[in-house]
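Multiple structures are listed underneath, in structure tokens.
In what comes next, chain A is part of two complexes: it sits with chain B in the first one and with chain C in the second one.
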Partner chain A sequence: MRNFIINLAGILIAFLLGAIVMLFQHYNPVETYGALFGYSLENMYSFMTVLKNAVPLVLTGLSASVAFASGPVNLGQPGQLLIGALFATIGGLYVDLPAPLMIPFLILLSMLGGAIWSGLAGLMKQFFNMDEYITTLMLNMIADLLTFWAISFPLFEKKANHPQTPRIFRSGWMPKIGDFNTSVIVMLLAFAVVWFIFYRTVSGYEWRISGKNSLFARLGGVQIEKNYMRVMLLTGALAGLSGGLIIMAGPHRFIKGLGANYAWDGIMVSMVANNAIVGTLLYGIFFSILQTGSLGMELVTQVPSELVTVLQAVIVLVVVASRGYFDMILKQILTRRKMKERTS
Partner chain B sequence: MNVIIGLINGMISSATPLLLSALGGSLTFYAGIFNIAMEGMMLSGAFFAVLGSYFLHSWVAGIICGILGALLMALIFILFSIVLKVDEFVTGVGLNMFSLGLTTYLLRQIFSVKGAFTNPGIVSVPRIHLPFLESIPFLGKIISGQNLIVWLALIATIVCNFVVFRTQFGLRLRAAGYNRTCLDTSGVSSNRIQAISLIICAVLCGLAGSFLSLGYVTLFSENMSAGRGWISLAAVILVSGKPLGIALVSLIFGLADGLGLYLQASLPSQFTAMLPYVATLIALFFYSMKSINTKVEI
Partner chain C sequence: MSELIEIRNLVKIFPPNVIALNDVSVYFHEGEIHALIGENGAGKSTLMKILYGMQPADSGQILINGKTVQFANPGEAIAARIGMVHQEILLINEYTVWENVVLGMEPVGLFHRIDRDKARQQVRTKIDEFQFNLDPDARVADLSVAARQKVEILKLLFRNVSILILDEPTAVLTPQEIPQLFDELRRLRDDGHTILFISHHLDEVIELSDRITVLRKGQKVATIDTKDVTEKMLAEMMVGREVIFDKIKDGIPPGVAVLDCQNISLRSPITNKMLLQNISFQVHASEIVGIAGVEGNGQLELVEVMMGLRAADQGSLKINGSDLSGSSILERRKFMAFVSQDRSRMGACLTASIKENVIMTHHKLNSAFTKSAGFILDFAHAASFAEQIRKTFDVQLNSIEDEMRSLSGGNQQKVILGRELSLDAPFVLLDQPTRGLDVGSIEYVHHQIIQMSHDNRAILLISADLEELFRITDRILVLHRGEIVADLVTDDTNITEVGYLMLEGADHA
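Moving on to the complex of A and B:
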């Protein structure tokens, strides 16, 4: 409960700051926020869009949360997402299976792609002791250029006027039930699996302990190196999965700039959720509401949709700051009370 | 011969923004701050430099605005990480995203364009032509005609090296990172030293950003820092912050970048553009091998 109030207070402060910026530019904040939330929540269709857009946010967020909470600073979600998407695209272009086989095949392929890319950083750490937060960042840039090359030359769709691949086979498209895209089901399944592994298995326990205090975990008999590699592979697979699902649910082809900011947004989601698994899901959906609504905001009030990117960063900073600040104030009050008891 | 001159000039101009922001990073590194916000500071600097240069019709105003833009980011960093004690890593990532969002938002709001803003009204930073040295064969073409900010970067390297190792402030700076409690108990606020290091870092990153948007090219495009802040972070870590080492590493990365431009004839540009990042990984590899061999496993 306390946690909820702190988060809510942080979000409200962030919105207030956003409102002040809008007032400076002579926009009406009430109308703007109304348009923002109205667009993403006014009916079933828009809410379904929110859920669909939340898929990559939640999955990359989970990837970052599991990694950060277990120790490895895997900042490679953007690259792992792109490689996962590339693998799914290649599978979808050259293999044609019936849909019940095709969809799991592409999903596994995208997870494999992400895991290979994060495993690469994991191996560099394991064998050469290279810090993963730099290697994953560099691999992000390399993945960006590699996929750009792949869609510009070998997989380029002829007659297209900007880099993109042809559409993947229809059997690889995520089916839709009405407006509901089934990629959301895959996301929820992944969430359930991650939650179970993290909170209900021995490995998950070991990861959490290693994340909190790796020396203690080592003394307790946890094999840090083995767990490190497992975490890297799992988190890479999650980020890869999000890339694969973007392809299979959305444009059905690899377009330049695909998932441009999703992965960094996912990292922000994990930070604002304090690496908690359920919190990541909730904040992922919340950020998706903001991002989906930003288009409506731009249509109705002419406030550029990029404002939401600013707002997200402010939310992250303010929520994390207020969490620490409230904790500090609470501790101060408790100490004061204790001191009074002692003196009286 | 001309190829070599072109390569060296390419190396120098690619190395300059890396060098400047890595010098800033080295100061915060010595002060014990895990500063990953160089990327955001540089991007903000690049945007505000274009803004100042375009509206005030002067490159001096452009550089000043660029530095102010980066300072804005530093002040937010100080507010959150030093005053409110938010985790430095979270602050850094948040700030980088904030900078990306803010510059993209303002790009649309002020210039009404998406993607990139280019206009003949943007005044770029001049190149310095040295009339007598120009006539020296080979060297003349390198020494003369460099951008003003390239020289500033060179001066900044020497000054940084002097300040860190030869002045009272440098001693306090290193003490803040080495043992901040000790510094606090000797009567110097380590928070203040850290804040000052962040402000100087922002000035240098602002210069780096100004070089990107007013020297290297004369335009601003979305996310134009393109990971240079991250590479400079890697450079700082590779040489444990030593300013002269940073200069050397920046030149190596610059060479990789310049080499990429030459190889474009035979390789797709996407692969040649990977070179600086691959070079970073290779450099990190050698650094790690060295530290594995010298350190005893605990």
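Moving on to the complex of A and C:
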């Protein structure tokens, strides 16, 4: 409850600051916000688009949240996403199974791709004691160029005028029910599984405690190295899954610049959610509302869609700051109370 | 001599419930060596950190030369000519001595280039002025710890500091290096510098200081002239005498040897100092063995080696005949319960719930805590276990779902004791289990320890509190500079003898 109020207050303050920015630019804030939320929430179709766009945000956000809350600083979501997408694309181009088999096959393949990429960083930690936050960042660049090469040469669609692959087999496309893209179901399933692992299993318990106090966990008999590898593999698989679902739900092919900012936005989501699993889901959907609505805002009003980027950044700053500020105030109150106790 | 620094009614609170300094007033004269002594948690370091601008005080005043000052950071303190040397040495290893010393205030020439010759010359002048016997061109990485400490002091003198604060300067030194440091400090005093130093070692304090301030549990006990005191008096002031405990350990005959440590040695890879030297001892069933010693004489290292956090250079550790010398922590935990002195880092996870704290280790060793072949936690069982500990150990709490940090220190310790004792391990390692607790909680913990010995367990109690050791142990081992210098039957010795051995080692017995 306390958390909810802090977050809500942070968002409201951020919107107020956004309004001030708009006033400076002589835009009407009420109209602009109306257009923003109108475009993403006014009918079923727009809300379905919001949900579909939330899939990569939530999945990469979950990946970052689980990693950060358990200790490992996995910043490799962008690379893991790309490799996951590449794996799903390759599978979808060369294997043709009936849809009920094809879809799980491609999903698992994309998770495998992401896990291999994060597992590499895990191995480098284990064997050479290299910090994962450096290796995962470096692997992002390798993944970026590797996939660019793959779609420019071996997987290049002939006659295309920019780097992209041909479409994957139709059996690998995520089915749509009306406007509802079923990749959302996969996202919700992944969320449920991650929540269960994190809060109900022995491993999740050990990860959470290690993330908060690893010396205590170690002395309690927790095998830190083993858990580290598991966390890296799981979080890599989540990011890989988001890459696979982008391919399977959206363009059905690997296009240059695919998923460009999703993974970094996902890391931002996990930060603003303070690495909480449910919070990551909610903030992921909320940020998707903003991003989806930004298009409408640009169409209806004169406000450029970039303003939403500003708004997101302000939300992150204000929410994170108010969290720290609240703790500070709490400490001051406790100190004052103790001072009084002492003199009485 | 005039009052150089006046500290008036200082209060510092660490929320939620630690009063680190409670209305402390101290005066420091110009040109004296003033020692601050007290047990851990007495408030010595906090007092010095406030003076040095590292932490703000919650109330109270500091006056220097009669003027009120309030430093927001160490930089302001240095500008007011106060400098502090920390326990850990904070130098850049790859830089030379002079580079380290001038860092941050380099003399510059044309185009803001560092004037190297001038800088080196300035540093050399300072070294000669204070007769420090350092080579300005030596790389810090190649220096001994004692020399690095000198560089730290030189760094402050180079900034024209006249008040030097030293936090346990001898802790990192070998016994042979200590007299030289003391000579240098005396020389600085004779030059008109004021030196405040924090120490645990009473012999050093008496040898070096002019006056001594004793702190206990955040309050000042007294400030006294060194020439008027003895070590024994200081020890009494440090420990306090409000509570006289009677011995409550009954003489049940010890059973078979449970713990067997042989020849454990450990050398510091950084300073090459021997941290543990040929430690050998046994603890029998139903026996409580105490390890007495001034803090910093190898207790921490012994705990780390026994728990498997750190590998010893040599030696073996067996419990009930099983050799655990190379075993993982999890393997050791099947035989060992462990209560650490550091509740916030080792003993508990303060930001996790009480329930999550009590199931640690149990979740690995006892299958009743898990379902589905050990994959899923049984939260119902965890909750009933937590409630059971709450009842058996009389923990005052609102809900087992509350964060561990919402509890008072005493109640946290009860939760930890409850968790560890329910492990049913044959050997129990207690590292200052009553540290920072109030009298009532201490009483409670002591009775629990006695109860454990009735359950046939072998208990090793590491403590700096002599009264505690005399109250509940059968045997006392004295640890001095990493060596066991005495193995005494508690009933055949007395506080004075053990106190002396703790401070002076076996040579003076």
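Remarks
We take it that the second predicted complex is superposed on the first by the 334 of 344 C-alpha atoms of A that agree within 3 Å, B and C clash if a C-alpha of one lies under 4 Å from a C-alpha of the other, contacts with A are read in each partner's own complex, and residues count from 1 in each chain.
Just so it is clear, a residue touches a chain if its C-beta (ideal position, glycine included) is under 8 Å from a C-beta of that chain, and two chains touch if they have at least 3 such contacts.
Since this is a predicted model, take the numbers as computed values, not measurements.
In the three-chain model built by superposing on chain A, chain B clashes with chain C.
Applying the stated contact rule after C-alpha superposition, one finds that A:G324 touches chain B and leaves chain C untouched.
For chain A, the partner touching the most residues, choosing from chain B and chain C, is B.
In the superposed model, A:F148 lies in contact with chain B only, and not with chain C.
Legend: residue contacts after superposition of the two complexes on their common chain; A:M48 is shown touching neither chain B nor chain C.
In the superposition on chain A, A:T201 contacts chain C only, with no contact to chain B. Residue contacts after overlaying the shared chain place A:G221 against chain C, while chain B stays out of touching range.
Of the two partner chains placed around the shared chain by superposition, chain C is the only one that A:T335 touches, whereas chain B remains out of contact.
Chain B runs into chain C after superposition on chain A, and of the options 73-81, 271-279, 289-297 or 379-387 the stretch responsible is 73-81. On chain A, the positions that touch chain B within their shared complex are 25, 73, 124, 128-131, 134-135, 137-138, 140-142, 145-146, 148-149, 152-153, 261, 264-265, 267-268, 271, 304, 306-314, 316-317, 320-321, 324-325, 328. Those residues of chain B lying in contact with chain A across their complex are 76, 80, 84-87, 89-91, 93-95, 97-98, 100-102, 104-105, 108-109, 226-227, 230-231, 233-234, 237, 268, 270-271, 273-274, 277-278, 280-281, 284-285, 288-289, 291-292.
Across the interface of their complex, chain A is touched by residues 11, 13, 15-17, 19, 22, 58-59, 307, 309, 328-330, 333, 338, 340, 345-352, 356, 359-361, 363-365, 370, 374-377, 379 of chain C. Across the complex, chain A meets chain C through its residues 200-203, 205, 208-209, 212-213, 215-223, 330-331, 334-335, 338-339, 342.
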